[in-house]
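For reference, the structure is listed below as structure tokens.
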Amino acid sequence: MDLIVYYASWALLSCGAFLCAVGGLGILRLPDFYSRQHAAGITDTLGSAFVLIGLMLQSGFSLNAAKLVMILIFLILTSPVATHAIAQAARQSGLEPKVVAEEDEA
Amino acid sequence: MFIAAMIGVLITMLMALVRALSGPTVFDRILAVNMFGTKTVLFIAVLGFLSGRPEFLDLALVYVLINFIGTIAILKFVRFGKVETA
Amino acid sequence: MSDALGLYNYWIAIFLMMVGFYNVIASGNLVKKLIGLSIFQTSVFLLYITMGKVKDGTAPILGDGYDTFSNPLPHVLILTAIVVGIATTAVGLALVVRIQEHFGTIEEDELIAQEDSP
Amino acid sequence: MIHVVDMTLLAFLALVAIAITRMTNLFATSVLTGVYSLLMACIFTVLDAVDVAFTEAAVGAGISTVLFLATLSLTTQREKPQRSPNWKALCVALLTGGALVYGTFDMPHFGDPQAPVHQHVGPHYIGVSPTQIGVPNMVTSVLASYRGYDTLGETAVIFTACMAVLLLLQHEKRRDEQSAVEEKPDKEAMEHAMILRVQSKFFIPLILLFGLYVQFHGDFGPGGGFQAGVIFAAGIILYSLVNGLDKARQIIPPNVLHGLVAFGLLLYAGTGLASLFMDGNFLQYRALAEEATHGEHIGILLIELGVGVTVATVMTSMFFSFSGRRRS
């Protein structure tokens, strides 16, 4: 049982780290603001959640796990709202998404 | 294991940082800063386990709160402060 | 490694201090000067906290199984200094706001020019 | 490993500092100071200073960014571009930096337990505080008890700074407010940001609850009056960012706020006087109860409360006076 938990947390942690790194790459390489936002979304919710759940499995049933749950709840409450607010502000200030010309045919 | 997570988080922090420094629009910066803040939360959480004393997760909670408030304050300023967005 | 790079933290602290210092003396904008000042401030915080660190120590909070603690005294000094720092920065910013309202600019050279011309 | 993490973060920090210097857009610079503070707080955590990291994160990344932005909205956002780097200033900075680096070669190396800092009062506090004060968090016991005078002074400084800000910015307030109310009733409120408003209804009580936890948990873990005060203020600031300054002012009227600023400091000093009247010295909490450690606990609780109230109200009223001022 311990072994299963150990490997599960290992898998979650590395998965989370991988997702974070992919999101980081995305925010660096994607062409414009709106597409970068997708990359940021991945790391902020899924990546963080994987890392935090991995840590929860490590700490077992304790106060630390409760605190990690609180962090996760706070992140899920704040991060999408912040991303939404940024996108809305960008749209209202007149920032246009970068559209490739061929897409008009579809 | 924690080292792998730590390296992942640090690399992400660096990439977000580069985006925050290079822009080009203000919103890119804000997005990168917000993401950087989330990564510092993960950093603190992982660091606690890495250094063998994971009791200080309260800190990570503060980071979530402050990061959010900071982002909202910046956005409010963008909305009402007539920011040059370039 | 700690032998060759044992002074790394101090060097970064000095570097930051000089960046802040440069901003304070070279920049003509009053807000930028205050930002430089706060960088200068945090570099001092970094210096103190670095000195408080003990190798293999842990945070100075009692717990089962920990007996080497980092020095709590620098922590206390810096903790209060941070809050006092923001309070003084706020006073500086308030002054900047009043200067802007009175003179219409916060650039140092324009302020001096206004002072000189009757 | 910790060493490597420390160095990486310090390198990031240097990068951000250079970027701050080079940018002329003051808005971007203020955003970057937020990143700078978060990084600095991470480094403090790596260096075992959890209490300090707590404060730096809340103050530097939160309140300080908000105040800088508020100032920018009242002044200008673009620094006048400068001709090339200022060589004279650069030379002075390089020379001073070089001299300081030369000075570091005699400094004790990183983490050296034999360093002079760790020979004098530090070990004494670590050795004596668990039995003498009986509080697990040594930072709290040093802050509140051994160096209580010092902290009283710091609280007084914050109080004075608040007075100064109020004196500078409250002036002409009444006329401004009246005209603003007539023109645009509630321009500040983010009326259309529905999601944000609904979310903040859940979120702000959590922030305030967390602030109380930090306030009263400061004896056992990282936290205490300074941190809790800032977190509480951050909650109120979030409320006024989302719902507009006028609504926030209705909830906490300025005269109550200003009263509480003084109340916190008076509570601190009053605790000191109480111990004086109970046959102790000023701020000698052991006189407050029969048992010495019990007295210490009461004293620390009271003065942390005083600090928390003062810091929270000072930060809030500073924010109110900055954002209450209309652009002229």
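Labels A, B, C and D are assigned to the chains in the order they are written; within every chain, residues are numbered from 1.
The rule we apply is simple: contacts are C-beta pairs under 8 Å (C-beta built on N, C-alpha and C of every residue); 3 or more make two chains touch, one makes a residue touch a chain.
A quick note: this is a predicted structure, and the numbers were derived from the prediction, not measured.
Enquirer: Sort the chain pairs by how many C-beta pairs are in contact and tell me the top one.
Expert: That would be the chain pair C-D.
Enquirer: Rounded to the nearest whole Å, what is the centre-to-centre distance of subunit A and subunit D, using the mean of the C-alpha atoms as each centre?
Expert: Centre separation, subunit A to subunit D: 29 Å.
Enquirer: When the centre of a chain is set as the mean of its C-alpha atoms, what distance in Å lies between subunit B and subunit C?
Expert: 21
Enquirer: Report, in whole Å, the distance between the mean C-alpha point of subunit A and the mean C-alpha point of subunit C.
Expert: A distance of 32 Å separates the two centres.
Enquirer: If a residue has to touch 2 or more other chains to count, which residues of subunit A qualify?
Expert: 74, 78, 81, 85
Enquirer: Where in subunit B do residues touch two or more of the other chains?
Expert: Within subunit B, residues 13-14, 30, 51, 55-56, 58, 61, 65, 67-68, 72, 79, 83 contact more than one other chain.
Enquirer: I need the residues of subunit C touching at least two other chains; which ones are they?
Expert: Expected reply: 58-59, 61, 63.
Enquirer: How do the chains pair up in terms of touching? List each pair.
Expert: A-B, A-D, B-C, B-D, C-D
Enquirer: For a test of understanding, state which residues of subunit B touch subunit C in their complex under the given definition.
Expert: 51, 53, 55-56
Enquirer: Applying the document's contact rule, which stretches of subunit B touch subunit D when the two form their complex?
Expert: Checking each residue of subunit B against subunit D gives 3, 6, 10, 13-14, 17, 20-21, 23, 26, 29-30, 33, 36-37, 40, 43-44, 47, 50-51, 55-56, 58-59, 61-63, 65-70, 72-74, 76-77, 79-81, 83-84.
Enquirer: If you look only at subunit D, which of its residues touch subunit B in the complex?
Expert: Subunit D residues touching subunit B: 1-2, 5, 8, 12, 15-16, 19, 25, 27-28, 31-32, 34-35, 38-39, 41-42, 45-46, 50, 53-54, 57-58, 61-62, 65-66, 69-70, 72-73, 77-78, 187-188, 190, 196, 203, 207, 210, 213-214, 217, 221-223, 227, 231, 234, 237-238, 241-242.
Enquirer: Spell out the part of subunit C that touches subunit B in their complex, as residue ranges.
Expert: It is residues 58-59, 61, 63, 66 of subunit C that touch subunit B.
Enquirer: Show which residues of subunit B lie in contact with subunit A when the two form their complex.
Expert: 1-2, 4-5, 7-9, 11-16, 18-19, 25, 27-28, 30-32, 34-35, 38-39, 41-42, 45-46, 49, 54-55, 57-58, 60-61, 64-65, 67-68, 71-72, 75, 78-79, 83, 85
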